[in-house]
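Chain lettering (A, B and C) follows the sequence in which the chains are written, and residue indices restart at 1 in each chain.
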Amino acid sequence: MRLDPFLTQRLVKSLLWCLTGLTLFFLIFIIAFISVKGLPQVSFNFLFHDIEDMGRAGGIFPTIVSTIYLTMVALLIASPLGVGTAIYLTEYTREGWITKLIRFGAECLAGVPSIILGLFGFVLFVIKLNFGWSMLSGGLSLAIMVLPTIIRTSEEALKTVPQEYQDVCFSLGLSKWHTITRVVLPCALPGIMTGIVLSIGRAIGETAVVLFTAGASLRTPTSRFDSGRSMAVHFYILAREGLSMPNAYGTAAILIISILLINITAYTIMQRFLQKYS
Amino acid sequence: MNPVKIQVRDLTFYYGQHLAIDSLHLDVRQGEILGLMGPAKSGKTTFLRVLNRMCDLIPNSRVQGNVFLDNKDILALEYDVDNLRRRVGMVFAKPVPLPRSIYENLAFGPRLQGKEINSGILDDLVEKSLKEAQLWEEVKDRLHESALKLSGGQQQRLCLARTLAMQPEVILLDEPTSGLDPISTARIEETLTQLKKDFTIILVSNNTKQIARCSDKVAFLLMSRLIEYGITPEVFMVPKNKQTDDYISGRFG
Amino acid sequence: MGKEKLIEKVLMLLAFSAIGSLLLITIFIFNEGLPIIIKTGVGNFIFGAHWAPTKGHYGILAMILSSIYVTIGAMIFGVPLALACAITLAEFAPVHLTRFLKPTIELLAGIPSVVYGFLGVVLLVPLIREYLGGPGLSLLAAALILGIMILPTVISISIDAINAVPNIYREGSIALGATQWQTIRKLVLPAARSGIITAIILGMGRAIGETMAVIMVAGNALKIPTSVLDPVRTLTANIALELGYASGAHREALFATGIVLFIIIMILNTTATLIAGRK
């Protein structure tokens, strides 16, 4: 018996909308649940006090500092490398085996699971280079993690800058490097910033990489050789050891809200950038 | 008679295997406008780009022969290309204002010459260039507004002013009025006629009537070869070559 | 001129940082882990069912199987849901709704894995324990959580793939009297096939490589699972759980586990790239 195609379509559409609603429900529920249970926890004290009693009491200030420190180190290393790579790919080479190789490397790197990066960071930075569990080891490992993202978004941003701008600059006697730094990069900057901002979001939420390279010290790090626990690691430990549910929820809430705000910022920058060029 | 500014001798240019210019030989004198005409793909734009070495940017290209600017061969390896491009300015077919204010568009080039220019000198230069390009009256009250707000014709005059701000000796124009309305076109042609006494101008155009109106000498290129070269009224009224005659009469184009 | 050449060389050096890092990672992981694989014997390592590193037994079969089962489970749960969502948003939903929802979904991809794991422990695990039995911390829990985790990735890439199909196909089909669903089923989806497969493979890669969420809900027992309610330990969990206190040969064995994981993921990702490239 062949069903009338319009009936089939009605059925299918209903099914699909239900499933879509279910999907969206899951995703929104996660944010809502954490926010509802965690935001009440967040107070001035919570944000600025030290960790007490292994996390059962007190605030999460050291973790906030660690998170910011790690992210800064990661960005300081990954941004020049990533943007430099993108500039090289778009401005200094044509499509050939070199560009394919570089892109292949970046894409594979993007697929490396975080635990492997943690292993790598552990053996190279913590042990072999003797940095120990530290902001430096963690930052370097995070830099490798976000490098592909920065390369990809920077490359796309640079490609949108019209070739004519460069022709004009050359015809005025500008050198290639000056053309890039004074005209092309400023034009591509919002797109590049988007990539960097997105990387911040990823770095903040990362646990496996950081746990095995930066350690889990409860103290506030003051130098790059200090160990420290990021918010995500702190949350993980609180949850696994069952040390304090309220604090866990609070940490998670801050984590999620920060990431959401960061991603929304990145998205807004990107939208304005696209508007300017289309 | 004016001194010779540019001498082109046996200029040959290849894009990969494709021959774009074949043994080109001509002179351009100071203070005159040389019109370059010919159908598409005859080598006109390529020739312009050789004159300011923008051809270097084309991958897989080869150039042979000599081009002498003030008796020095600009195709020589050791010739300072950045300096060449400041002496030889170019206006492109599509107006390309930089995403900056009108003032900044004009100041951009001079600032980057590396000289310490105080704002007084810069202001004067901007005003002079805009007056030469016949754009000053229209924009003098909004110099700090974005250049992207100007109309097509105004943008093109801005590009011309931007080139003039570099105080070049030679100005190359690649179909500068191709996208513009007749009034803007007329204004630019008028500007060129005013400018020629101080500069050497080479004008490429698909529009034979424009070449007839504006240029003092004309060169007709067809499929990479120079077919005819001479004083404009002579070439147009008594062309020596049948192909020239056919092109001018519109039998092909 | 010399300065320009120098700048170009410096940029070229920077450009090799990505592939350089990849090489370093490969070298170091293999360097640390390969000896123990060779000593134990490749067959014994991969197919040995007994993992007792303190006693010198290094067989990771249980973990390979667990990783595979968990991933398959995640796919079974996540892919249909993701495709349904992608089709609805790309084809049926009004444009402004999709323009709002797609970036929202991508935003949700930013939720850290530990949060997913946490919610799994707090909400899902008790449910499983209550209604289905077993300890709750199980293969099922891991599969479900991972399935949800990969939704944003698979949805987003699938929407792109479906949107990339030119409208001309759709218009031609409708003009012949087909319904929208028929057009989708017979024309659009097959045309978007390689993009959707890429999305699924990338989702798979994410699922296999996921560590923190799995540790929190999977139970981490060292046996080959026989039912979905059994607690399991994946390759990733194995590394993360023991790295903190392992030393000597034990630590090498964890790197060896990493090698196996790395190879599996590289194969998946290369396949995805090849399929995407063939488009």
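Basically, a residue touches a chain if its C-beta (ideal position, glycine included) is under 8 Å from a C-beta of that chain, and two chains touch if they have at least 3 such contacts.
Being a predicted model, the structure only gives us computed values, none of them experimental.
A.B. asks: Which chain has its C-alpha centre closest to the mean of all protein C-alpha atoms shown?
C.D. replies: Going by the distance between chain centres and the overall C-alpha centre, it is A.
A.B. asks: With chain centres set to the mean of the C-alpha atoms, which chain is at the far end from chain C?
C.D. replies: In terms of C-alpha centroids, the chain at the greatest distance from chain C is B.
A.B. asks: Go ahead and note the Å separation of the Cα centroids belonging to chain A and chain B.
C.D. replies: Taking the average C-alpha coordinate of chain A and of chain B, the gap between them is 49 Å.
A.B. asks: From the C-alpha centre of chain B to that of chain C, how far is it in Å?
C.D. replies: 58
A.B. asks: Using mean CA coordinates as chain centres, what's the gap between chain A and chain C in Å?
C.D. replies: It comes to 18 Å between the two C-alpha centres.
A.B. asks: Which residue numbers or ranges of chain A touch two or more of the other chains?
C.D. replies: Expected reply: 175.
A.B. asks: Which residues of chain B touch chain A in the complex?
C.D. replies: Chain B reaches chain A through residues 52, 54, 57, 59, 82-86, 89-90, 92, 94, 96, 98-99, 108-109, 112-113, 159, 162-163, 166.
A.B. asks: Show me the residue ranges of chain C that touch chain A in the complex, using the header's touch definition.
C.D. replies: 3-4, 7-8, 10-12, 14-22, 24-25, 28-29, 32, 80-82, 84-85, 87-89, 92, 101, 103, 105-108, 110-119, 121, 123, 148, 151-152, 155, 178-182, 202, 205, 208-212, 215-216, 236, 239-240, 243-244, 254-255, 258, 261-262, 265-266, 268-270, 273
A.B. asks: If you look only at chain A, which of its residues touch chain C in the complex?
C.D. replies: Going by the criterion above, the answer is residues 5-6, 8-9, 12-13, 15-17, 19-20, 22-24, 26-27, 30-31, 33-34, 80-81, 84-85, 87-89, 92, 101-102, 104-109, 111-120, 122-124, 144, 147-148, 151, 175-177, 201-202, 204-208, 211-212, 232, 235-236, 239-240, 248, 252, 255-256, 259-260, 262-264, 267.
A.B. asks: Residues of chain A touching chain B in their complex?
C.D. replies: Against chain B, the touching part of chain A is residues 94, 162, 164-165, 167-168, 170-175, 178, 182-183, 187.
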